[in-house]
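In the two complexes that follow, chain A is the common piece, with chain B as its partner first and chain C second.
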Partner chain A sequence: MLALQLTITGLQTGALYALTAVGFSLIFGSTRIFHFAHGATFIIAAYLFYYMNVSGYGLIAGIAAATAGAIAFGLLLNRFVYVPIQRDEGSFFTVFVASFGIGIVVQNVVGMIFGRGYVTVSTPLSFSVEIMEGLYVAPIAWISMLCAAVFFGILWGFLKYSQMGKALRALADNPELVRVFGLNPRFIAASAFTIGSILVVPAAIISGATSGLNPAMGHHVMLISLAATIVGGIGSVPGTLLAGLALGLAESLALLYVDSQWTEAVTFAILFLFIIIRPSGLLGRSAAH
Partner chain B sequence: MSKSVVLAAHNITAGYGGHPAINDISVELREDEVLCLIGHNGAGKSTLMKCLFGLLASEAGSITIDGEETTKETARQVADRGVAMVPEGRGVFPSLSVRDIFSLGMHAAGIPKKERADRVDWVLDILPAIKEFMNRPAGTLSGGQQQMVSIGRALLNRPRILLMDEPSIGLAPKLFQDLLAPIRALQQREKLSILLVEQNVREALKISDRAVVMKSGSMIWEGMPEELHDNERLMELY
Partner chain C sequence: MQKMKNLFAAFSVLACLGLLVPGAASAKDHTIGALFPLSGPNATYGDVFMSGSDLAVEHINADKMLSGPMSIAYEDSQGLPQPAVVGMTKLVNVTNVPYVLSAFTGVSKAISTLGTRNEVVAVNGGGVGPDLAALGEYFWNVIPLVNLEVRAVMPYLVKEKDIKRVVLIYIDDPFGNSILDELKTTLNDAGGELAEAMSVPTTAQQFSGIAAKVRAANPDAVYIASYGAQQIQIVKQLRDNGVDQQLITYSGYLVPDALALPETEGIIATGQGVNYESEDPITKRFVTDYKAKYNRDPTAYNVNYYNATLLYAILAQALEAEGKEVTGANLLAKRQEMESFNLVGGTVSFQSNGTLLFPIQVKVVKNGQLEVLDTIDFGK
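And then the complex of A and B:
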């Protein structure tokens, strides 16, 4: 029964990891920008939702604020940090350091405003109910999984059938050729940031309503996103999705054997295993990049 | 009666990171002609073409299309004036299918949805070999097949002015001849203007009306293809 309990918890966590990681993977895959501040997007969305909630604006306004905040942060960062760095032929490393620094700033500012401790948004859906003897599941767990399924369904259709979806893959393949086609690479990159940032929102909101938030969570979110992107295969959205789910499950099931403080170590162990055994990831193309 | 000039570079200087790759280049492409641009590797042919298409900003000089200045326009704007480019090297996105590449190209060019199927049929008439691999990811095609797709994609825009940078790369000589014939026929039927950069000089000159030769970023010769046909003359110039 414990294993089943942990599997369900793991799937819930994994669904949220998958959403966040796919957002990062989509941005990195199409623009080659190492958006380390993706974790900060998560923090901003989560705390905006929390703020709207404690201020009594209600659920819909909270979701709207979190979404708007996430998109605005992603777009502004792209426009005022990444684009200028790239225009000056800034290296991968410059982008990384800038992005990392902004993540820290966001963490500190949020910490100043809301405090460094844990906060939670409690909803009637957050409380576990016994669905079978000895098996406790909160309704929000099902909501997470459903939410992830819906988002991935929409994303899949979008990437496969819309022209922007094709343009995102085109940008990943060859940015120079995108211009020859008469498309604007900047606009496509901005779209990648918009979509990638939106994908963080459900995870941010649901985390706030389940495990709770603290300003330093961005690092964990980033670690998971990065691990899932590498384990799934860089540039592969389905691979990242699977890897996110698997990492959530592994973290949860590891509790059968180890103490909860080791969950990050489990993530790292899986990451290193893949780097050594299968560097191209689950569904990645050849490692030559 | 001389034909009117559709695309012109006036004293263009351009390069990368402050080092000019082309110097004070002037060239005119006229209506209903194939102009062949030849020169050594690194002579600056591709650089000139990128300037003409709005992919690279020039440091000095100006560019005009139909007499209107386009020096500062983006590739998007130049394309809207009826210009299409077949770039050097692989002109396809490896992870997209040929069908998707065509539809993305037409979407980018703002071609109305209801016209798109007809356009594709029209291109498949000119390059029928593409029919065989419409649904395959372009990355799985041979170099020659990719080149056909790249040319087909440019033709979908039904350009008045076509810039082709070494379309023969990756094509068997026989295939290249087979490709040039329908393009020349199309050019004559529709009175297209084509700027053709080619290493495969002999074949290219056969379908050209005029030729220019570049060396080390400068224009060194301009004239009729017949004058270049005898090898000695070419040798001299290079």
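And then the complex of A and C:
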């Protein structure tokens, strides 16, 4: 029963990891921008939802505010930080440092506005119920998995069938060819930031209710996203999805075999294993040099 | 050119006047340092600690206890040893402070050698790891350490609440490991049993799996030994995931964020006993002014950092009265010379290991407020 309990717990955690990581992977895969401030997008969305919730505006307004805040942050960051750096042919490292800095600024601004302590979104959905003897599942666990399934279904359809989805994949493959075909890479990159930022919203809202929030949690979110992106295969959205789920499951099921202090280390042990044995990741393509 | 000469002459006259006016030469700014977590997941403590030390500075300056105005140079330790050492190095070598307020066990242990080497006094009012009693004569504690808290609560729970089997969830650092050692011994002596001990990494945020293991162990109670946002996350996720056993924790949990959490209801926690109703003028002034300034009741952390700051002023005042320089070495000598100190909570004395002894209270959270169940005075 403990194994089943940990599997369900792991799937819930994995669904949240996957939602966060896929957003990062989509942005990085399409634009090659190391969007470290993706963790800050998570924080902004989570705190906006929290604010709307405690202010009594209700669920829909909270989701709308969180989504609008996440999209606005992603687009503004792309337009006013990443685009100018890339225009001046700034290096990958310059973009990374700028993004890292923005993440710290957001952490401090959120701390100044909402306080630096711990806050949580109170909801009865986070309370577990015993669905069979010894097996406790909170309604929010099912919501997490459902959200992940719905969002990934829509994303898959969008990338496969829509014109913009094809353009995003094309941008990831060959930006120069995208220009030759008369498409605007900047507009496509902005779309990647929009979609990537939207994907983080459900994970941010659900985390606010399950584990609670503090302004510093963005770095942890980013670490998991990065690990899932590398394990899944850089640029591979399905790979990142599988990796996010696998990392959540591994972290939870590890409790069956190792001491609890090693569960987070399992995530990074998997990461190192992939870097050594299969650097291209689960579904990534090997690069020939 | 002539204007420049006149200006120079005017400055010279003013400077000479400054030297000749009685008191002007001896008036000296007093700056002490503080290494508090001002960012990161432990930042909630920074605000709590600063509210106590800032109020003390206000009182000290209002009373003109020292020859010049006192201030605190705050450095952000993030509650982590490495940034704390950077901050301490700056305080010691650049700001040149003789006295530093410290917090957190890991931070205090990391900076203590720098303090000793440079003869700078470090005073801890927030870390409770038992090791902090053995960091040398330049390291003082104005807070009772956690071994006393565990020794107070476990016999009480075994005897009064019939709690025998306890699961411990502890942070994987020196503080958490010291609680593990203490809990093993104390439970064994009290007739209880440590059913299982689960350590968690300092960065962990997901505890639903831990909750499943706690349910499987089926203890009478769960002792939580972490700090910052993590300890509140543990309590919330345990309750959310069906752990309905008695939760027990230590003084580090008693911060406003934690007390505001609905899942905190019923938790049993220990903490130093401070009689806020005392009629002694120092305690009364502290309680009245704290409530007026911050619009909330003071906690033990506020008391500790108020006391740590006031202690500096008392020692520095005594040194200035004797015409001695306010250095770390002189502060230490003066503290050893003075038998007792009138601080918030009454007249207190340091033990030989540089730690103040306070009674320990066992408290329960009811409607977000603390209700005292028992008081254990180890000094008697």
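Points to keep in mind about this one:
Heads up, the rule we're going with is that the second predicted complex is superposed on the first by the 279 of 289 C-alpha atoms of A that agree within 3 Å, B and C clash if a C-alpha of one lies under 4 Å from a C-alpha of the other, contacts with A are read in each partner's own complex, and residues count from 1 in each chain.
By definition in this document, a residue touches a chain if its C-beta (ideal position, glycine included) is under 8 Å from a C-beta of that chain, and two chains touch if they have at least 3 such contacts.
Model, not experiment: these values are computed from the prediction.
When both complexes are overlaid on chain A, the residue A:117 reaches chain C alone and has no touch with chain B. By the touch criterion defined above, A:251 reaches chain C but does not reach chain B.
Look at A:184: by the touch rule set out above, it reaches chain B but stays clear of chain C. Touch criterion met: A:167 reaches chain B, while chain C stays clear of it. Once chain A of one complex is fitted onto chain A of the other, the partner contacts of A:127 are limited to chain C, with no touch recorded for chain B. Residues common to the contacts of chain A with chain B and with chain C across the two structures: none.
Partner chain A is touched in their complex by these residues of chain C: 38-41, 43-44, 46-47, 169, 172, 198-201, 203-210, 212-213, 215-216, 228-229, 232-233, 236-237, 239-242, 255-258, 261-262. Of all residues in chain B, those touching chain A in their complex are 53, 55, 74-76, 79-80, 85, 87, 90-96, 100, 103-105, 107-109, 153.
If you check the complex, the residues on chain A that touch chain C are 2, 5-6, 9-10, 12-13, 107-108, 111, 115-120, 122, 126-128, 130, 134, 136, 138, 210-212, 214-217, 220, 251-252, 255, 259-261, 263-265.
Chain A contributes residues 163, 166-167, 169-170, 172-174, 176-177, 179-184 to its touches with chain B in the complex.
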